[in-house]
Amino acid sequence: MDENNIFIELKNIKKIFPGVVALEDVDFDVKYGEVHALVGENGAGKSTLIKILGGAYQPDGGEIIIEGKTANISATSMAQQYKIAVIYQEFNLVPDLSVAENIFIGREPKVGKTFVNWKKINNDASEILKKLDIEINPKKFISDLSVAEKQMIEIAKSLSMDAKLIIMDEPTATLTEKEVIKLFSIIEELRKKGVSIIYISHRLDEAFKLSDRITVLRDGKKIETKITSETNQNEIVSLMVGKVVKDYFSEKKQKTSDEVIMEVKNYNIADSIYDMNFQLHRGEILGFAGVLGSGIHHLLRSLYGGEQIASGEIYFENQKVSIKKPSDAIKLGIGYVTEDRKGEGLLYDMSVLQNLSIIIIKTLTAFKGLFIRQKKELDVFNAMAKELDIKYASVNQRIIYLSGGNQQKVIMGRTLVSDCKVLILLEPTRGIDVGAKAEIHKIMTALAEKGISIIMTSSELPELVNLTDRCIVLYKGKLAAEFNRENMDEEKLVAAEIGKHIYSNN
Amino acid sequence: MDDIKIVLTPKQKAGSWLGSFGLIAILLIIFGFFSLTLRGTYFNWGNIKNMVSFSSYVGIGAIGMTFCIMTGNFDISIGSMLALAGVLGASAALKLGGIVGVIVTIVVAALLGLLNGLFVTKLKIPAFITTLGMLFIFRALAYIYTNNNPQYITDRFWIFLGNGSFLGLPFPIFIMGLCYLIAFFMLRKAPFGRYILAVGTNSRAASLSGINVENVKILVFTLIGVFVGVSAVLNGSMLGAANPGMMGDGYEFQVITAVVLGGTALAGGSGSLGGTLLAALIVVFLKTGMSNAQVNSYWQQVATGVVLIVAVSLNKLKFWLLGQAQ
Amino acid sequence: MKKYLRISVFAVLILALVVTFAIAGCKTGTESVKATAKTMKAADVTIGFSVWTMEFTFFQNVEKGVKDACAALGFKYTMLDQKSDATQMVQDMNTLVNQKVSGIVSTPVDPGAMGPAVQKARDAGIPVVCADIGKSGPVNALIVSDNFKGGGLAAEFLANLFPDPAATIFGLGNCKPQWTYARQRGEGFKAKADELTYNIQSDIIVQNPSAEGGYDTMQQMMSAAPDIKGAFFVSGREAVGAANYVKSQNKDIKIVGYNGDPEEFIAIRDGILSATILQQPYVIGYKAVETLKEILVDGKSYENVEIPAEVKLVTPENLDQIAKEVMDSTGNSAFGE
Amino acid sequence: MVKFLKLYEKIGIFILIVAASIFLAIVSPNFRNMDTILSIIMQGSYGAIIAFGMTFAITSGGFDLSVEAVMGLTSVIIAMLIPSLGFAGSIIIAVLASCFVGFLNGILITKVGISPLITTLSMQVILRGASLIITNGRQVVISQKSFMSIGASKAFGFLPMPIIYMAVLFAIFYIILNQTTFGRHVAASGSNEQAAKMSGLNISLIKTVVYILVAFSASIVGVIRTSQTLIGIPTMAPGFTLNVLTIAILGGTSLAGGRGNLIGTLFAGIFISMIYYGLNLLNVQIFYQMLAVGITLLFALFIDGLRMKYLETAKIKGIRV
């Protein structure tokens, strides 16, 4: 390919962290106006790579060439000067500043040299937002925005600094179908303008839909770069996991029993759930589908005592129970795996072992919870690590050094060791690579076959369609539809999710 | 299973070494330096006993504070707490004897700690502010209760606790040792320690794991009270009086300094009791050394500040070497 | 990491213990306890001085007195600074006992809180003399200026300026409650004022024990009692601050201070401050050492003796003469030049 | 309701002031005259001015415990230099020196990464020592009496200068915090440092400037106090730092950072002075004054807590997941 149409080129980049080699001799380049998909399992080094491009990390070796010249992205501010914008998964927005201020932070239009030009900053902001047709008042504070809105603000931000290269890390992870469509059209726009884009996603279909080329990373090494039109999903997947994955979804064998383990009767949560009724059978995988605002997360959280319920009854094993706080749920044998691993899952400063045993630690003690029996704790851990095939260097390794998939397994294990009867899974495979996804799915079906009932929700419809025995669709906090394995497919779910109106992707 | 290889660059090796031995090195350097320069007046058994036993004043109070800071909280009321508990205990001792007095001191301190805890958790007032308010209130109450008359401690038992010695060692050393053993045990061997860590590192995750975050915090603040109480007993015993205005003056900052110097992150989540103990010793060893060396007391202040900064920067150096963000 | 840290902590502590045990062993072997001897030669005497803080002029002068006395009597001398911290005070006392000094002079930050420490010193056969402030425990002697009387002097001085008690109001700038000894001055002032049937309308504690603190307090007094005629501040630096406030308001209110610090002498010379009560820190320090000499060298016995140090009223009239006396007795200028 | 609460965040402390004024006016006749009121504001100004700086520090997510030592340093430098350099010269040097101290704080905190607590606490001790060394522990009397006019004179014959300084500095700090990009960046770095960094803000620079501002404000007060007392005081205003912190917090500036409330600080400064001053007018013992301060602090923050709680719930209800 001819050099001068390459915007940025990385030559054998290297990065080491205590305990892991994050990147090893990675070569990588992006052309002008190209959408370059970057795929790979968690821990493959994608986020490290983009942090280097964003100037957050300094490489321990190798060189970066931007527009033919060797570049040294020594700070995030440098990245801006090189016209590189990174949209991280964890947003970089300032809660106590307004939308407009966030979009133009560091580049505010000024009166003179020092004073903020409030008029201009707000006008410019609303202009950009209009371009993305987002209806958000630029004077609003970020702390008052929803996740999806924040996502959009991030994009607006990178547009505002007319970046030549925009890096998007899992941009669709938290978006609804509708918003995804919007995002894609924006990306098309940018591509036409000659803006290069590095697109990172676990959703291969997206990568194939958008990208010109796809680069696969595995274990910190670059495996291959493929022209998208000349490859297919299976090939990429096998490149990612290093082996060919047969069944993406593991089919659940046996039929679920009719025994009702949990029942929810005319359940209401203020402003989010209205008069909900459903039963959960032993060994059943019950799915919940719904777009943002459907209230699912409120519902599932409150079933675990993460939120106060407004009214309604819960029967557990035919006993009327009240679940006020998580400990109540745990006592009953209800487990919960959050969708927000970072925010409310991981105990970063603690070891893998401590993370797994935290829920049941009191039971692993001698003399009435006086002191911990380390041996026993270790046994429990090893058993679970084996069952879930958790990969770790040492039990005392801090959990943040594990890959996303393994972190997720530990957090699932955390609830599983408390041998729960009902498991509530929110977005069990969010931000997890294909290989790990398949594993998680296997684990889930296995659990269900062991007689554990699972309540799950996922923004990836295929997951719901292929995994769940039954799927309840909520629309604006009300039960909109219910499907079971036989009669459910993605179209029906989507239709129900958006309130019956069938809508097409174009 | 170990298919993830552990690689440490020399830098990182240095960092971890620093993490493990930095404070000890500082302590030994200080001790060695003054021992060589001052010889007998510093490097003698009596002086060492003296220094260690006086480090219990800050050392014991710092235990509770270490827990507290680990949970990402803060208590700057302990100085006044020490005084209030002290005067109440002392006046109780005058009427009901030393043993009662000692118990009263510790119980009162514990209750005051509990009060802080309740304010922080139930009324949702940030710890720093709650305790800032209490700093004024406790001290004021101490004045009001005693009408500003020092309460003398004459009871032989109580006096012994701070001044007597056992097996040739000052008694406070044993008490401090005991406190650290218990605390160490709670932190590393008991579930409570895990809870503290969990709450400190990610309280939302902790509560979703069925931990009652509020109770943990309340307990932590109460523990501060208990240890401050013990410290008040020893201090009162050494001073032979509880003076509402003098007692525990500036205590809070001495203690917090020790904890932070000991390597406990103010952000919470991680910390080490061993570090705290070493830090407490370092401060006393340094100050005593300098005054024994007849360093001009103004220069002493300058030196103390500088050493503090240097010592803490070593901790930062560790993180830098390890390539971790704090 | 933590694990290593822990292990090494204990390792080192144990090591330290072992080493020090060894040292202790050989030490006790070689040294004989001098302090118990009946009388000593001046050459062998070491005086340990523990001072409240070196931040205040008053204590600097006490220190000077002690130092000079030691020099004059051929004693060795070592000084420790309590830095206004009661705990430090006690630790210093123990440190001095450890250093096996022959005698201890202390200017205690918290006189009530030195009982056990003094006891230890005495048990080790080391006599203790307090230089000013106060004492507790078996102190041999206390050289103290009569704070109560001093306050009285201030009241008398003001009374003479304003002969009609009915028509005059005085103010009192008091000190922090924990400084009980200094509050004696206030008590003395009040007592005398009552005796002379004068009326003290505002008794205010100076928040910052510092010149600007006195400045603020005076401002408060003047709104509490607008027609105030005179005020007594129990500390000189505060008095000067107060006097400066009066001056800035172009009012004529007589301010009396206490201590006789250089800034007070200057203020009196400049006609800002009306008078002050002169303490003699230098003399107090000097006397303390002399007393120890009598105990240690001459074998005299002092137990719990109080030796008053005189306080003098300094007014513009006798300013120069007193300044001269100070120069003669201490060898340094009362004006701090 | 929410509107009212947002308003409360700004001027809640003002309500306390009104209440206290009414109380004092009723119980003490001396309180009912202009001079007293001006005096109270004047004595409030010292704390308030430094608290302006402190508000910046807290907004940026830190705080500064070295202010009282900075005052002392300023004081002695002026006293030592006035004979040779005259007023302007000595003041400029003293203020510059203080700013340099702030700069050091900033560097230690941002570059070395030591927590503000330890940095400024150590700096406090170091400066105290340094000031004492400069004067050899003495108080240095300033013989140029006219120097007094800077801090003690009255504008228009009735308005004490410190109040004017407070007003001017308030205006300046207020504009900096709310109208300049720098001010907004201070808020940003306090609100979400990571994000601010990622957005290419130079956090180190911003925070360093913040600590320079704190030292500057402390230094100004140092100048005022020195001129009033005409003495170079190395140990000036012992324990004043706590006072300043109390004011800033009582003013409603959130310790979490990101939200600075200078108006609140201004009022809080006056309010605290009101408590001490007013209770002194009534000859109330200092113990009860401390008690009053402590209780108001807790009470004010308790109300604030209720407020936040209400807004929180309002928010939760507002947002659908």
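Residue numbering begins at 1 within each chain, and the chains themselves are lettered A, B, C and D in the order written.
Note that in this section a contact is a pair of C-beta atoms (placed from the backbone, for glycine too) under 8 Å apart; a residue touches a chain by one contact, two chains touch by 3 or more.
Note that this is a predicted model, so its numbers are computed, not measured.
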Which one of the chains is farthest from subunit B, going by Cα centres?
A
When the mean CA coordinate of each chain is compared with the mean CA coordinate of the whole protein, which chain is closest?
B
Provide the C-alpha centroid distance between subunit B and subunit D, rounded to the nearest whole angstrom.
29
Inter-centroid spacing, subunit D versus subunit A (mean Cα positions, whole Å):
45
Centre to centre, by mean C-alpha position, how many angstrom separate subunit C and subunit D?
33
Pull out every residue in subunit A that's touching 2 or more other chains.
none
What residues in subunit D touch two or more of the other chains?
132, 137, 285-287
For subunit C, jot down the residues that touch at least 2 other chains.
54, 176-177
Would you mind giving me the full set of chain pairs in touch?
A-B, A-D, B-C, B-D, C-D
Quick check: in the complex, which residue numbers of subunit B touch subunit C?
16, 19-21, 24, 27-28, 31, 40-41, 43-48, 50, 54, 57, 143, 148, 150, 152, 154, 159, 162-163, 235, 237-241, 243-247, 249-250, 272, 274-275, 277-278, 284, 287-288, 291-292, 294, 297-298, 300-301
Contact residues on subunit C for subunit B in the complex?
1-2, 4-6, 8-9, 12, 16, 20-21, 23-24, 27-28, 53-54, 78-81, 83-88, 90-92, 94-95, 97-99, 109-110, 112-117, 119-120, 136-137, 176-180
Residues of subunit A defined as touching subunit D within the complex
54, 56, 75-77, 79-80, 86, 88, 91-97, 101-102, 105-106, 108, 110, 114-116, 143-144, 146, 157, 270-272, 292-293, 295-298
The residues of subunit C that touch subunit D in their complex are 54-55, 57, 60, 176-177, 202-205, 207-217, 219-220, 223-226, 237, 240-241, 244-245, 247-248, 261-263, 266-267, 270, 336
Subunit A partner contacts - residues on subunit D that touch it in the complex:
179-182, 184-185, 187-188, 190-192, 194-202, 258-259, 315, 317-321
